[in-house]
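Shared between the two complexes below is chain A, which has chain B as its partner in the first and chain C in the second.
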Partner chain A sequence: MTPDTLLRRINDYTNRADPYPLYAELRENGVVRQDDGAYLVGTYYEIAALLHDPRVSSDQRSRKDPDPAFTQDGLTPAFIRLDDPEHDRLRRLAMRPFGPPHSPGRIDALHGDITRIAEELIDAFPDKGRIDLVDDFAYPLPITVISRLMGVPHEDVPRVRAWTNAVIAGFDPTPGQDPERRRQEARQARIAMGRYLGGLAEERRSHPTADLLSALANDDGPEGRLTPEELMSTAVLLLIAGHETTVNLITNGMLTLLRHPEALERLRADPGLMPGAVEELLRFEPPVQYLPQRSPLTDIEVAGVTVPRGAPLILVLAAGNRDPRRFEDPDRFDPLRKDNQHLGFGSGIHICYGAPLARIEAQIALNALLRRLDDARLAEDPPPYRRSPILRGPRHLPVERDATGTTG
Partner chain B sequence: MQIVVDLNRCQAYAQCVFLAPDVFELHGEESLMFTPAVPDGQQERVLRAAAACPVQAILVGEPAGPAAR
Partner chain C sequence: MNGVERIVVVGASLAGLRAAETLRAQGYAGSLTVVGEEPHPPYDRPPLSKQVLLGRVHARDVGLPRRRAVEARWKLGVRADRVDPEERQVVLADGEHLPYDRLLIATGTRARPWPKPAQAALDGVLTLRTADDAARLTERLDAGPRRVLVIGAGFTGSEIASACRERGLEVTVAERGPVPLVGALGGALGAFAAAAQRAHGVDLRCGVTVTALRSENGRFTGADFSDGGRIDADVAVVALGAVRNTEWLEGSGLAAGPRGVACDAGCRAFTMYGIVTDDVFVAGDVARFPHPLFEYQMLSLEHWGNAVAQAEVAAHNMVSPAPRRRPHLTVPAFWSSQFGLNIKSVGVPTFSDQVVLAQGSLQEGRFVAVYGYRGRITAAVTVNRAKWLEHYQYLIETSAPFPPAPGAADRPAVPVTVPSDVPDPHLLSHGPTVALTGHLPDRHLTLVRHGRPGPPPPADEETPG
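Entry: the complex of A and B
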C-alpha cells in the first residue's frame, strides 16, 4: 500500500484498536499528500510549528472545497472553527466565567463535587462480575460534571446525550451508510441543542444563577456580550467538547493502566504521581487523535513539501506524540516521564479550552478507580472501539472482578 | 517547597492559575505572578500545576543555600 492512502487506512475501522503502526508509516514518509488532495503531517516539530503558524486557518471557509458538514451545520461557527481576531474575542468572552484572569478559582472549586460523583458511581458498581467502565463510570462522570457546571438540569442529560451522538456522527470521516442523512441529522441536532441551551440562558437573563450559561447570558465585559447566536454555538461547543473527549481520556487511561500492571501498582501506592501519569496518557493515547479542519491561507512549505492554499491540512497529534525525534522511547508508557511536552491538548491559540477541567477529572477518576477496584482485570483486550478515528476510545471497557467487593 | 517559573518559557497558557489559583495569578491577560514560597496546604496543587504546564516552565524544589536545612 502507498502513503497516499494513509488517511483512508487510519479511518478504516479495522485499524481502530491500534493505529500506531500507521502513524509510524506516516512519520517515515514526511508530509504526505493523500489521493483526495489532503495533506497529512505526523512529525512533532512540524505539527508544533503549524499549530503556532498564523498562515494556518481553522475556518472551513478558507478551504478550496469547504466541507458542508461544517459550513452548513445550522449555527454560526464556534471559536474552535474561527481564526483571530474573531476566535480571540469569542474565546475570551467564553473564558470569563470559566478561568483566569476573571474566574481563576472556578475549576479548582470543583474538586469536591467531582470526587463525590466519582465515588457515588463506584458505590453503584456490582460487587462482583462484570462492569463496563464506559457506561458505568467514564461516561456519566464528565457529563454530570459539565452539565452542572453549565447549568443543564439533570433530567435533560439524556437529550443532551442523543444530540451529542448525532452531532458527532455528522462529522465522522469513516465511510458509512448515507452520509447525507447523517449530516442532516447532525444539523438538526445542533440546531435543537443550540435552541435548548439558548433558551436556558435566556431564562437566566432575568434570574441569574451560578452556572456558566447564566454568566454567558449576563456578563457585561468591556467587549460586551455574546449575541444570542454566538451564545448558542459557544454553549453547544462547550457542552459537547466538555464531556466527549474526557470519556476517552478516562477510558484510554484505565485501559492503558490495566495493560501496564507495574505502573498501575506504582500509582495505586502513590496517588501523588497521577498528575504526571495523566500527562503521559495524553501523550500515549490522546483522546483527540488528529485535527481535521486546518488549511493554509497561502501556499506554505512544510518539511520540503508545498501545501497549497486551501488544501485540507490534517495534523495527526497522536503521531507527533510518538515521534522518536522528540520523545525518548516513544512507544513506552512511562508515567514518570520527564520532558513531556505532548500535543494531547493541541498547542497555540486553539489549545484545549477545557484542559484544566479534563485534567482534574481524569486525575480524580483514575485515582478513585485504582483505590477502589483492587482486583479488576480486562475482560476483552482490545475492547470494542467507538467508530470515530478522531475522537478515538473504547465504546465499552468491560472489566471483571472476583467476589472481594469494592473496598472503601 | 519553593517554585521558580522560567518566564522566558512561559507563554501564559495559564494552566497553573486554573490548578493552583492561590499561588499563581494572571496580571492582565498575559503576565504571570506567583508566590515563590509555596504556602502550606498548596503543595499538591502546585505539583499538579507544574505537571500541567504545556511548556514545562515551572520548577519545583526545596529551598537551597545556607539557610536551608
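Entry: the complex of A and C
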C-alpha cells in the first residue's frame, strides 16, 4: 500500500483499535499528499509549528472545496472553526465566565461536585460481574458535570445526548450509509440544540442564575456580549466538546491502566501522581486523534513539501505524540514521564478551551476508579470502538469483577 | 566531581536560587553557600510592581517556590565585599572568607537612585526594586496621596503608573524620551503605549526631565520640569532603570563594569584581558554574554526567563567537564502587564531597524508587531495576543526573512513597515532592560579604576582598551 492512502486506512474502522502503526508509517513518509488532495502531517515539530502558524486557517471557507458538513450545519460557526480576529473575540467572550482572568475560581469550585458524582456512579456499580465503564461511568460523569456547569436541567440530558450523537455522526469521515442523510440529521440536531440552549439563555436574561449560560447571556464586558446566534453556536460547542472528548480520555485512561498493571498499582498507591499520569494519557492515547479542518491561507512549505492554499491540511496529533524525535521511547506508557509537552489538547490559539476542566475530571475519575475498583479485569481486549477515527475511544469498556465488591 | 567540592553563589535572588537547585539536581554533593545582601530568602520580583502595589499580594508573600531541596548554607543579610581570584575566596562584609572551587556571580542589579542625594533622601521619594521597597511604596499608596510622580516611563515606571490609576490615584509620569517604553520597544510601539497611558488618565509628560524635587521640612511636595511645568505631589517614585551590582568586583581582575560582568556563551567570566576563566561563572541580570542570533554582540538582559535559563546553564557547566558544557542560547523573552495590556516580547526589539504590524490592529489594542534588522526577523512583540508568540520565536530562531511572509488571517489590509525608531539609550531617562553592548568582552571599563588597586597586570602585557 502507498502512503497516499494513509488517511483512508486511518479512517478504516478495522484499524480503530490500533492506528499507531499507520501513524509510524505517516511519520516515516513526511508530509504526505493523499489521493483525495488532503495533506497529512504526523511529525511533532511540524504539527507544533503549524498549530502556531497564523497562515493556517481553521475556517472551512478558506478551503478550495469546503466540506458542506461544516459550512451548512445550520448555525453560525463557533470559534473553533473561525480565524482571528473573530475567533479571538468570541473565544474571549466565552472565556470570561469560565476561567482566568475574570473567573479564576470557576473550575476549582467544581472539584467537590465532580468527586461526588464519580462516587455516586461507582456506588451504583454491581458488586460482581460485568461493568461497562463507558455507559456506567465515563459517559454519565462528564455530561452531568458539563450540564450542571452550563445550566442544562438534569431531565434534559437524554435529549442532549441524542443531539450530540447526531452532530458527531454528521462529521464522521468514515464511509458509511448515506452520508447525505447523516449530514441532514446533524444539521437538524445542531439547530435544535442551538435553539434549546438559546432558549435556556433567554430565560436567564430576566432571571440570572449562577451557571455559564446565564453568564454568557448577561455579562457585559467591554466588548459587549454575544449575539443570540453567537451564543447558540458557542453553547452548542461548549456542551458537546465539554463531554465528548472527556469520555474518551477517561475510557482510554482506564483501558491503558488496565493494560499496564504496574503503572496502575503505582498510581493506586500514590494518587498524587495522577496529574502527571493524565498528561501521559493525553500523549499516549489522545481523545482527539487528528484535526481535520485546517487549511493554509497561502501556499506554505512544511518539511520541504509545498501545501497549496486551500488544501485540506490534516494534523495528526496522535502521531506527533509518538514522534521519537520528540519523545524518548514514545510507544512506552510512562506515567512519570518528564518534559511531556504533548499535543493532546492541541496548541496555539485554538488550544483546548476546556482543558482545565478535562484535566480535573480525568484525575478525579481515574483516582476514584483505582481506589474503589481493586479487582477489575478487562473483559475484552481490545474493546469495541466507536466509529469515529477523530474522537477515538472505546464504545464500551467491559470489565469483570469477581470478588467481594467495592472497597474504601 | 572534577575536584569541585566548594561552591559559592553570590546573589540570593532568582538566578542564585535556580543555580543552587540545578547544582543539586546535577548531583553536586559538595558544600554550597549562597550569599545574599537582602535579609529575605529568594523572592519573585515581577509581582512587586503589579499585584503587590494593587494590594492583592503582600510584599512578604512573594517568596519563590522551591523546585527541590537545596541543602545550602544561606548567608543572608550580608554583602560580599570582594573576591580574591588567586586565593579563590569571597570576602564578606562581616569578615568571613568563603573559599571556593567554583564561584557564581549572580548579584543582579539595584534601582538607580535619584542623582541628587539630598533630594533622593526626602520623605516620600522612593525607588522600586526590592520587596522592602514594594512594601514601602504600597504603604504610601494606601495612604491615598493626592498625586504620585513617576520619574521614568520604562517598564517599571509604567507598571507603577498603571497600578496607581487602577487604585484611582492621580499620577504624573515624566519621561525624558519621546514616548514610554521607547528604550525597549522603539518609538512606533512607544506611541501606542503613550496613548494607552493617556486613555487611562495618566498625566504623561514626555521629552521633559525633572529639574528639582521640591520639599518642605524634609518631605517631598512636588517637582519642577525642564519645560517650566511644575506639579504638586506627595510621592515620587524614581524609576530610572537599574545599576548592575559589580562594584564589589573592582580589583578582582574580572571584566566587570557598569554594563555587567562579561562572560562567554557557557557563562564563564572573562578577565579584564578577555581571557576566559574556568572557575568563575556569571548568570542573571548582572551578566553580559554573546548571543549568536544577534551577531554575537554581548547582551545584558534584565529578564526573569533569562535569569532562570542562564542560571541553569551556568550551574550545569560549573560541575561538568569541558566536553559536556552547554551554551546559553535561549531567545530573550519578557512580559509586562499594564493598563489592561498584556505585553510580551521574544527576541531583542532594540536589535532592529524596521517594524511591521503583522497581525491584529492597534486600534483594538490587540496585535503582533514584528521587528527586523537588515532583512531578517529579530523580535516580535504581542499585545493581548501572546498565543502567537511561539510562531515568531521560531522565525527568529531560524533567521527568517523580514517582513514575515504574508497570509495571516488577521493581517492588516495594508501592512506598513516603518522604522522601529530605537533611540540611543542616552536619550532615555531610564536604563534599557536590554542592552546591546558591542562585541568586546571588556571595554575600557577596567582601566578607570578608583580606590582599591587590582592585581598588578603582567609586566609584558598591554592593557586592553
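Quick note on the criterion: the second predicted complex is superposed on the first by the 408 of 408 C-alpha atoms of A that agree within 3 Å, B and C clash if a C-alpha of one lies under 4 Å from a C-alpha of the other, contacts with A are read in each partner's own complex, and residues count from 1 in each chain.
One rule holds for everything that comes next: a residue touches a chain if its C-beta (ideal position, glycine included) is under 8 Å from a C-beta of that chain, and two chains touch if they have at least 3 such contacts.
Just so it is clear, the structure is predicted and the values come from calculations on it, not from any experiment.
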(message) Taking the superposition on A as described, I'd like to know which of chain B and chain C A:P54 touches: first, second, both or neither.
(response) second
(message) On the A-aligned overlay, A:P275 touches which partner chain: chain B = first, chain C = second, or both, or neither?
(response) first
(request) Report for A:G112: first if it touches chain B alone, second if chain C alone, otherwise both or neither. (result) neither
(request) With the two complexes superposed on chain A, say which partner A:P296 touches: chain B (first), chain C (second), both, or neither. (result) second
(request) Classify the contacts of A:P153 with the two partner chains as first (chain B alone), second (chain C alone), both, or neither. (result) neither
(request) State whether A:A355 touches chain B only (first), chain C only (second), both chains, or neither. (result) first
(request) Name the contact category of A:G304: first (chain B only), second (chain C only), both, or neither. (result) neither
(message) I'd like to check the shared interface: which positions of chain A are touched by both chain B and chain C across the two complexes?
(response) 347, 351
(request) Can you check the complex and tell me which residues of chain A touch chain B? (result) 92, 99-101, 104-108, 272, 275-276, 278-279, 339-341, 345, 347, 351, 355-356, 359-360, 363
(request) Mind listing the chain A positions that touch chain C in their complex? (result) 48-49, 52-55, 57, 59, 62, 83-85, 88, 296-298, 300, 347-349, 351
(request) State the interface residues of chain C toward chain A in the complex, per the touch definition above. (result) 358-361, 364, 366, 368, 385, 387-388, 390-391, 394, 405-411
(message) Considering only the defined contacts, which chain B positions touch chain A in the complex?
(response) 13-15, 17-21, 25-29, 44-45, 47-48, 51-52, 54-56
